[in-house]
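In the part that follows, the structures are each spelled out as structure tokens.
One chain, chain A, appears in both complexes that follow, with chain B as partner in the first and chain C in the second.
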Partner chain A sequence: MTLDLNWNWMLDGWITAVAVVCAIACALLGNFLVLRRMSMLGDAITHAVLPGLAVAFLISDSRASLPMFIGAAIVGVLTAFFTEWIRRAGKVDEGASMGVVFTTLFAIGLVMIVQTIDQVDLDANCVLYGSIELTPLDTIDVAGWQIPRAFCTLFLVMLINLTFVIVFYKELKVTSFDPSLAGSIGFSPAIIHYALMVLVAITAVASFESVGSVLVVAMMVVPAATAYLLTHRLHIMICFSILAAIISAVAGHVSAIAIPASFGFRSTSTAGMMAVISGLLLFLAAMFAPRQGIAVKLWNQLALSWHILGDDIVALLYRVDEKQANQRTEKAWIREVLLCSPLSFTVVMTWLRIRGEIVIKTNELVLTDQGQHRAQNLVRSHRLWEQYLLDQVGIDPSRVHPQAEQMEHYTDKKMRQQLHQVTEKPSIDPHGSPIPEERSTK
Partner chain B sequence: MSATPAECAPSLESQSFAFESLVAVSEQTTNVWSQLQRLLFLQDYNTRVVLFGAAMLGGAAGVVGVFTLLRKRALMGDAISHATLPGITISFLAASIWGFDEKSLPLLLVGATVTGLLGVSTILLLRGLTKLKEDTSLSIVLSVFFGAGIALLGIIQQMPKGHAAGLESFILGKTASMVVSDAQLIAAASITCLAGCSLLFKELKLLCFDENFAGSRGYPIVKLDLILMASVVVISIVGLQAVGLIMVVALLVTPAASSRFWTDDLTKMTLISAGIGMFSGVIGAAVSALYPRLPSGAMIVLFCATCFMISMTLGVKRGLLVRSLRRLKINRSIGRQHFLRTMYEVMEQKQQLGLEQSITINDLLPARSWSKNRLATIVSRSAREEWITRIHQEVRFTKKGRFEAERLTREHRLWELFLIHHADIAPTRVDREADHIEHVLEPEIVAELELLLIEDQRELPQSPHGFDHWKQTDDSKNGNQKPNGNQKPSAEPPVSRARTGK
Partner chain C sequence: MFSSSDKQQDDSDSAPLLVEDLTVAYHRKPVLWDVEFQIPKGSLVGIVGPNGAGKSTLLKAIMGLVPIATGSIKVFNTPYRKARAKVGYVPQKESVDWDFPVTALDVVMMGLYKQIGWCLPARRHHRTQALRAMEQVGIADLAHRQISQLSGGQQQRTFLARALVQNADLYLMDEPFAAVDASTEKAIVEILRGLKKEGKTAIVIHHDLQTVNSYFDHVILLNMRVVADGPVEEVFNQENLNKTYGGRLTLLEEVSEAMRRRERSL
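Here is the complex of A and B:
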């Protein structure tokens, strides 16, 4: 399959580069936002900076980026400050105080812009959505190279963030996980908090100027959340989040070009596609994270239930054999006794036959020698447990069976030996059935 | 070149530029007064519609907002209103592919509702099944869904006939140019939400305050949660269309947060919140109709914010003013209690040492770590409240003051004894611990301590530690040999009048 990517290194290369540095700059700080439960702050700040931009514009009377940048950064920090103040002083829930602050600031900014609309040509589109696609056109001269301005700014911001995270790694870690401990050993949680807020504001402003506010929110939270799902250790989490950010940036731009092209359209928004790709990565992490993944957990449960069903089948065959009951051990009968679904029964039967624990003779299930081993030890565990529950726990003999039925699946040889000792080496269980001998080898 | 032009991206949040029709109207009428008259008497049909719509929306958002606020999901509305964008674009795309009218409002609303609900379920699933927290789930859904919407919009922009213009005006919100059908839609949605909330009031109350208890009583928590979230979705969507994305977030959050300052009662809180929402809606829309260039959505938000500021300062239950007054009162009472006890202890010391009984302010100054000014303030306040009498530098207990001082000293020492005997804290360290707790000891606890610690229950126990400050400074002043503080006091211990008075 050939995809006509229509890739132009001078344009698409730079777009990808800008996207990558932006994503890394955001993701670095995002880790701490996620850990401190302040994920919505990126969203709040990117909306709230509007009045800062408007005031900076009115004062400087130009669209030069430095005054705009300073104005936006100041308001961004103010947003964090007001949010914290309202939360503390007014005892308002963090989300609500954030909501109050950023909507109000946004409204003020909107009124300012509308009031001065004649003189101002402030493009709200660019402010709020940015245009990563246009960044390669606005270049500055660095040592003889024409480098996009956005790339330089974002690269600088990325370096600042990286330095901050590396230098204050310990402080950030302590204040994020245990603010009171941090306070008691002499780091001020408040100073670190506000330093982080200042950097978040600066990063948000620098990023949305070129890539838009959606991307800022997506890149701050989603890669960090992906990494959070994958690991418990902070430094690994930071590395994973950077990786996820890079993948989202590159794959985002490629898919922004490639996917619409396959339907006959031109490219679509890179920022949007980056957010989508990071969302996909998060979905994969949520499903398949080594221990916590939803799919992984489901699979483990299923595997365990199959294992237990296998145990139940061999134990049932053993008991039929033991009682020499005149019962034909047909599949249908076993399924009826054990109340299992056809699917899991088929799976488990296949597995037992592959392991050579069961063979089918004239339509009946018969234990092999190996199956006999497994069944005998299981029944032994069951009956030892029953004896133990009666002897040591004092449970009524008529009620020990269900408990033993659960424990038998988790009992290994060593535990059986201990049970054997503790219950004074019984030969029959409370119901009078003989307790079989231990079979050591499989 | 593979770039999308910037102007392709529509600005969801610059909705308020769509107020121009009203500006035109207002510029025709140069006289503000005549216009105010028209507004006040609702003569203008358009104004009537706009005010009605804004009021309905504000009220319903206020009510729903209270529940989301108490569920600590204030920003759910933000996430949801962003999550509707892909739905709108997908239904637009689908309609134009299958040849329907792609700008038909019901179709777009259905799309918005579907992805809005999808967003809610994603948030709930992320929170329930992974270790991600609420806020992270919210911002993930917000940014990823919105990003998908933006990407789809980028495609819609290129469609041969699909000018996104109509779509934009749908997304942008248009309070000022609200027409009857919009107001009807808002009214229908608001009434549905209000009816749902009032029918399920008890259930939602339980859900907000004690989810687990509600579950144990057999209420379907998940369904209730979904109903609540669905009403947030409905409000967000009609609000999105009417006042714009950020404004609807404000309507959902701010009135509810404001009402929390006024009351602890959910019913009252709901009513106050609805009132604030309606009020801000009406005033905001009216002001923006009166004056040119005040976008109505933004004005509504600003009036909400004003209400919030007022509530936060003046709210009678949790407002800043009330709380700081309360704190001031407590601080004063603590200061007074410390003063009275210190004075009593100094007096006791002097008795033990056989010194003259009169106490001067200079005696009191070294006994605690307080500044001269602070002590002077406390002394004059206590004198005003008739705990003590003051003659120049000398202070004396009044009857009431002595009674109170004895009670305080007694409670302080009881707690000290308790700490020494039952919490194994060194006698030198109990003074400070007891300092904190003595102000809040309940009579029942005092009675229990008495039973536990002292045999003669009428007796005021002696201090288990010496009075270091007092002793040292006294030493340095007089050079006298002082008896140890642990020594038996010569003076007869005063009886506990608190107890005999019972």
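Here is the complex of A and C:
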């Protein structure tokens, strides 16, 4: 299979560039939508600006950018305002009032477009799905360069958003985290809220052409949500969201050309693939995020269970040795005693041999000095815990073993010292077995 | 900052807080009726009262965070807007999202935002100031922890450090003692006493009636209206407590319910 990209810098280069600036512009604001739990308000505004566009078009009778942006900004603020108003007046929750406002405005906008201005190229399809593939065709002259109009607009919007986030970083942070403190020190949460909404509306309008209103929401929310999973610092989250936006845009366009082509189809929608890629990034973040990642958690669990199995093997060998029982410590016997799966056993055995804690002599497992060391401290922990449970907690001697069996794996040197002290330095455990000395590393 | 010190001198005799005839209503349902009290300078004031008595609302009304129906509030003899720099606020711990991607130091720095001003970045001496306040409440070593990794007591201390760094003259605290460990409770009491020693005033919403006597010297018993206010030894007695906690004001509730019903039928 050959990947025939059929890449044309004049076309694909510009399409990618438009996608990148669009994704960055959206992601910048998206961080604060996600943190303020307002992702849906972004969705609402991006849909609700439609009548603003239609009215702006009717009044100005042109598709010039400025009236469009003004119309969108006004409706954007109105959406935020109506949502709040209906929530209060109707005593419904925010989601419900948002649902009422944006569907109504969106419907009005659609009707206006279809009924009165159907003949021009401000059509519903374009607003919904965008047409990023066509953006390189509509160019304007900037200092002798033919640059796509969409790129210029989105680049400007990206700069505005970037400036907003940098200049009002502190204000955005405090109003998002603790609005009542912000209000009490004179940083009005309402002003920042409406400023954010105006920018969301403007960004939405600028992005319509390229990625369509549905995908604007994806670009606003998904990269920010991905970044949120990966870090605990706000400025790093913003940087990560920009990175995720760039990757989504570039990989989105490349895969839109390459993936269908390699199966013999025509290239697919870049905007669609951008959303798919960003969704994929979110999935990866959810799986592999350092702390909350699902896969990371599973791996940690597995690693812990292997660690415990390793403990159990060396402790078993130690006890056999201690009793001087006439027992051949063959692999099969150990597996039988510890009831572990063959796979885990193989993994842990390999690991113990790599660490040099166990060697195999004439088919028998034998502890090395290092293994002896680990085992001795483990058995010491176990027996100290038994003594402690009997002595201090007052648990029946016949029942201390299973408890101690668990605790021994989580007991470090410091804890053993404390146990040693509070149990008054015993030399034998409740079952009469000697408590071995502490072995410390050189 | 220094040029205003003369003015501060003038204000220093005026009461940190004077509330007159205050009524607050949500959806025309009154939460506070005709609240009136005055706080003497340099006192530690406890506000006690049952759930739904309007304690948090009172603090928010003082700071202009909720609209007031009638009445006037004077902070150091001026409207709150002009006295902002002199007021430090500790909101309820549950009022914020502790998963927010900031460190404890970031949160404490927020107390300095007013001083730093709009749009300007925090500078090194602000960080030093914040760290010093964190040291004061005993969490300096946790400065770079993300806030979700702090215990409840440590989160409360973070809020307290944020208030301290504001270097205010009047502190409004919404249940700083709620769900904290014993050592944090002790630390908070120490800090309150330290504030008092510096001639500062603190108004604290409090739930534990057992400790009112030992923590505060002034108390406001609140249940939609001020049942009693004054020095603890004078007003904090069984009779007033019964009035505060003994049943809700059923008649007041009935009349406001009637008002709402009437309005709806119009």
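As a convention for this text, the second predicted complex is superposed on the first by the 382 of 442 C-alpha atoms of A that agree within 3 Å, B and C clash if a C-alpha of one lies under 4 Å from a C-alpha of the other, contacts with A are read in each partner's own complex, and residues count from 1 in each chain.
The rule is short, and it goes like this: contacts are C-beta pairs under 8 Å (C-beta built on N, C-alpha and C of every residue); 3 or more make two chains touch, one makes a residue touch a chain.
Note that the coordinates shown come from a computational prediction; the quantities given were computed from them, not determined experimentally.
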Clash or fit, chain B versus chain C on superposed chain A: clash
Partner chain(s) touched by A:237 [first = chain B, second = chain C, both, neither]: second
Touching partner for A:111 - first (chain B), second (chain C), both, neither: first
First (chain B), second (chain C), both or neither touched by A:228: both
Chain B versus chain C as contact partner of A:174, first or second or both or neither: second
Between chain B and chain C, more extensive residue contact with chain A: B
Contacts of A:184 with chain B and chain C, given as first, second, both or neither: second
Common interface positions of chain A, toward chain B and toward chain C: 37, 91, 228
Residues of chain A defined as touching chain B within the complex: 6-8, 11-12, 15, 34, 37-40, 42-43, 47, 86, 89-100, 102-104, 106-108, 110-111, 114-115, 117, 123-126, 128-131, 133-134, 212, 214-215, 217-218, 220-222, 225, 228-229, 256-257, 260, 263, 265-276, 278-279, 282, 286, 292, 294
Chain A-facing residues of chain B, complex: 1-14, 16-17, 19, 69, 72-75, 77-78, 126, 129-136, 138-140, 142-144, 146-155, 158, 246-247, 249-250, 252-254, 256-257, 260-261, 293-295, 297-299, 301-302, 304-305, 308, 312, 318, 320
Touching residues on chain A, where the partner in the complex is chain C: 35, 37, 91, 167-171, 173-174, 176-178, 180-181, 183-187, 228, 231-234, 236-237
Residue ranges of chain C touching chain A (in the complex, touch as defined): 27, 60, 63-65, 81, 84, 87, 89, 91, 95-97, 100-103, 106-107, 110, 113-114, 116, 118-122, 146, 148, 162, 166
